[in-house]
Amino acid sequence: MSTGAPEAAVKTRAWAGAFTDRENYVKLVMLTCASVAILAIILIFLFIFRESLPAIRDLGVRNLFFSTDWRPNVSDPTAGNYGMLTFIWGTLLTTFGAMLLSVPLGIGAAVFIDQVAPDRMARVVRRGIELLAGIPSVVIGWFGLILLVPAIARATGTSGYGVAAASLVLVVMALPTITTLSAETLKSLPIELKEASVAMGATRWQTIYKVLLPSAREGLLIAVILGMGRAIGETMAVQMVIGNARAFALSPFARTSTLTTRIVTDTGEASGIFRSALFAQALVLLLIAMVLIILIRVISRKREPA
Amino acid sequence: MTEEALENKMQIKNLSMYYTDFKAIEDVTLDVPARRITALIGPSGCGKSTLVRCLNRMNDLIEGVRTEGQVELDGENIYQPGFDTIGLRRRVGMVFQRPNPFPKSIYENVAYGPKLVGIKDKEKLDFIVEDSLKKAALWHEVKTILRESGQNLSGGQQQRLCIARVIAVQPEVILFDEPCSAIDPVATQLIEDLMAELKENFTMVIVTHNMQQAARVSDFTAFMLVQEQGEPGRLIEYGDTNTMFTNPTDERTERYITGRFG
Amino acid sequence: MKGKGARADKAATAVFWALGLITIVILAFIIIEILARGLLTAINPKFLFGKPEAMKAGGGIFPMVVSSLYLAALTILISLPIAIGAAIYMSEYAKKGRLSNFIRFCLDSLATLPSIVFGLFGLALFVVYFRWSYCLLAGAFTLAILNLPILLRSTEEAIKLVPNTYREASMCLGASKWTTIRQVVIPTALPGIMTSTILPIGRIMGESAAIVYTTGLFIRNIPVSPFDTAAPLAGYIWYAQSEALVPDYRQIVNGGAALLLIIVFAIYFLARWAGNRYQQTKLLGPKMK
């Protein structure tokens, strides 16, 4: 805060000059364009917070964020109860399930692309991953609905909808992010690292396991965090297979909801405090995303000096 | 050559330049005579390119650059506060190490500068383009392909196109920053001949690592050197090119010149 | 000892091959499954160019396809100028410091926020607060913000590919900074900028969570004005399967999903092709004959 004054002074000068000098005027226009990003973040925060305020005020933090009691009332919103803990749990559970599969798969595929595969094969897998990333989530959701859900139903004797189906769908969503970023990290490692290890008589596997993966640790962590971000935020694909129940999930085959799926399922018919409670869920998603971003910043700052 | 008639187009007075904390050149004092060619020679990293970029304030574009001392153009200090750098760069043009025609047509490359000062008349532009290309000894090679991209030309042609582009602005001084380092010997010969012709109308400064080139084209030569790693570049000796190459006063100049020749 | 190491190496290699190939298998599985179920419907003119039905069977999806294209065009129209301006600021003007750091932080945050958060934001700001109701423009503004980080990054990369020596040459001819940017930097970077705009179009067409509560979900007529309610294909696919109001909704969703997949892949390959072409002329130079 102590540097606020000189910065403000610089700003005033820029403003004053803006109207006399074309160069400064242009610079100001460009800066305005760049500031749209700042403005957007502020507006998003402001509006999501503003809309969730009634629910926070009327229900209280405890009843809203830390209660599993979700009994909305469409015709008389004030008569309902809007605790979202069930859905926070649902988000965590499905994301955890997705990570269980997509982290080893993603990092493994990245190692394959960067270290193991012949050039042509590596290119095929890389293109495949890019295509996978481009598949719209409704298409993946539909694929899950017509194939995964019946398969799970046959195998377990349940409805097939639920946490497991959601996690599997999320694997497809998170996989491209994790693979692409991990492969980039591995590629950026100095080649000497690998050469030194191989020169000491290490096999390819030993080199990967003992030298490459540990040196890429921070980058891989960032890849996993961003993949998690994808999984937490994914909406449509999960909504189509999770069953959209309001019960607290205790089994991988239980039907439940996540924050995102609850929002998209209910926003169409919600009003008043019901609607506000849904915005409060978006606020939680917003805060989770910010935490992830800050986490990534901290990790990458730690990586730079090394 | 009548030594008495020499007037100084530019005068560098006690010039030092810093990249943030690193001092790149120190206390250079040097006169640039009008309508002559002055060569800056020295081993790579001695600050000769940096010095020549101080003459039209191209170093201003790099963040953290700071200068001390003066550079005068017709007696006026170009580093005085409020000096019009855009006007300065019109008066002091520059040809770069690598030919860098814009990805535009040959015509548009040459017309770029005149258009900047508001010349829109088609006939006038046509005249300037033809005249500049003729002065750059390129007209006959390109007159039928003026609408083709300047980047389709050979390296030597591209460099002459860049010279034509500078001539079209009608500068008073032209700076050459190792203009032949990226082109073949035949093209180099053409450019050296061209410089000799341009001497009638322009004051020129050429940075070169090639001493034969300095000996061939220049009237005056300045030798720069970095004594020790991490020290700034300094001007060691300056004088008439003939004297510099046959009878240098400073031992270091002699060592550099003979070392390279031998 | 050596034998053990070699065995472990062989096993590990096999595992990595398996992991690499699984990704391809997943992709192939999805593509085949979606196309096998929907391709015939998707290319049936009666479906592709037909009017949707609200309650009975036999509806088409033409207004939805138009909505998607319209939405993509509007979004690019809004976000491209901003992205170019911002990219110019970040690459040509911004000095390293707090402000540019903060802008990067905001861009990273925008890139990480879940799209449903953008959707609710668009609903609160454009649909409700501005009283635009569900319309194409509300969706386009929402998606413009959503796509700003990716568009800005690719634009910035295209601008950074312009050699610095062009800028220097222009300045040496007496051009000001802005003149240099306008006359030399932007024209040189333009093919690259255009190429890098293609991929985000695919993303816009595939996006659903951010638009279901901003553009609308169901329409019967082709939207004309930007303030008309629309139903982009991706959103409609979700709506059709979740409400299941028409008896043949399965066929409609199968066809719609196949069509969407084809569109998105076509855009992807177009982007790749344009990117390769651009890179060839850019890096090898037009001299190669």
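Labels for the chains are A, B and C, by order of writing; each one numbers its residues from 1.
Note that a residue touches a chain if its C-beta (ideal position, glycine included) is under 8 Å from a C-beta of that chain, and two chains touch if they have at least 3 such contacts.
Not measured: the values here are computed from a predicted model.
Taken pairwise by the contact criterion, the protein chains link up end to end in a single open path, with no chain closing the loop. Comparing the chain pairs A-C and B-C, the larger number of C-beta pairs in contact belongs to A-C.
Among the other chains, B has the CA centre that is most remote from the centre of chain C.
Central chain assignment: C. Criterion: smallest distance from chain C-alpha mean to the mean of all protein C-alpha atoms. Look at where the CA atoms of chain A average out and do the same for chain B: the two points lie 55 Å apart.
In this assembly, the C-alpha centroid of chain A lies 17 Å from the C-alpha centroid of chain C. Per-chain CA centroids place chain B at a distance of 48 Å from chain C.
Along chain C, residues 176 each make contact with two or more other chains. Residues of chain B found to touch two or more other chains are absent.
Within chain A, contacts with two or more other chains are made by no residue at all. On the side of chain C, the complex with chain A involves touching residues 5-6, 8-9, 11-13, 15-17, 19-24, 26-27, 30, 33-34, 37, 81-86, 88-90, 92-94, 98, 102-103, 105-110, 112-121, 123-125, 129, 145, 148-149, 152, 176-178, 202-203, 205-209, 212-213, 234-235, 237-238, 241-242, 253-254, 257, 260-261, 264-265, 268. Of all residues in chain C, those touching chain B in their complex are 95-96, 163, 165-176, 179, 183-184, 187-188, 285-287.
Against chain C, the residues of chain B that register as touching in their complex are 56, 58, 61, 63, 86-87, 89-90, 93-94, 96, 98, 100, 102-104, 112-113, 116-117, 149, 151-152, 162, 165-166, 169. Residue ranges of chain A in contact with chain C, taken from their complex: 7, 22-23, 26-27, 29-38, 40-41, 43-44, 47-48, 50-51, 104-105, 108-109, 111-113, 115-117, 121, 124-125, 128-132, 134-143, 145-147, 172, 175, 179, 203-206, 208-209, 226, 229, 232-236, 239-240, 260, 263-264, 267-268, 278-279, 282, 285-286, 289-290, 292-293, 296-297.
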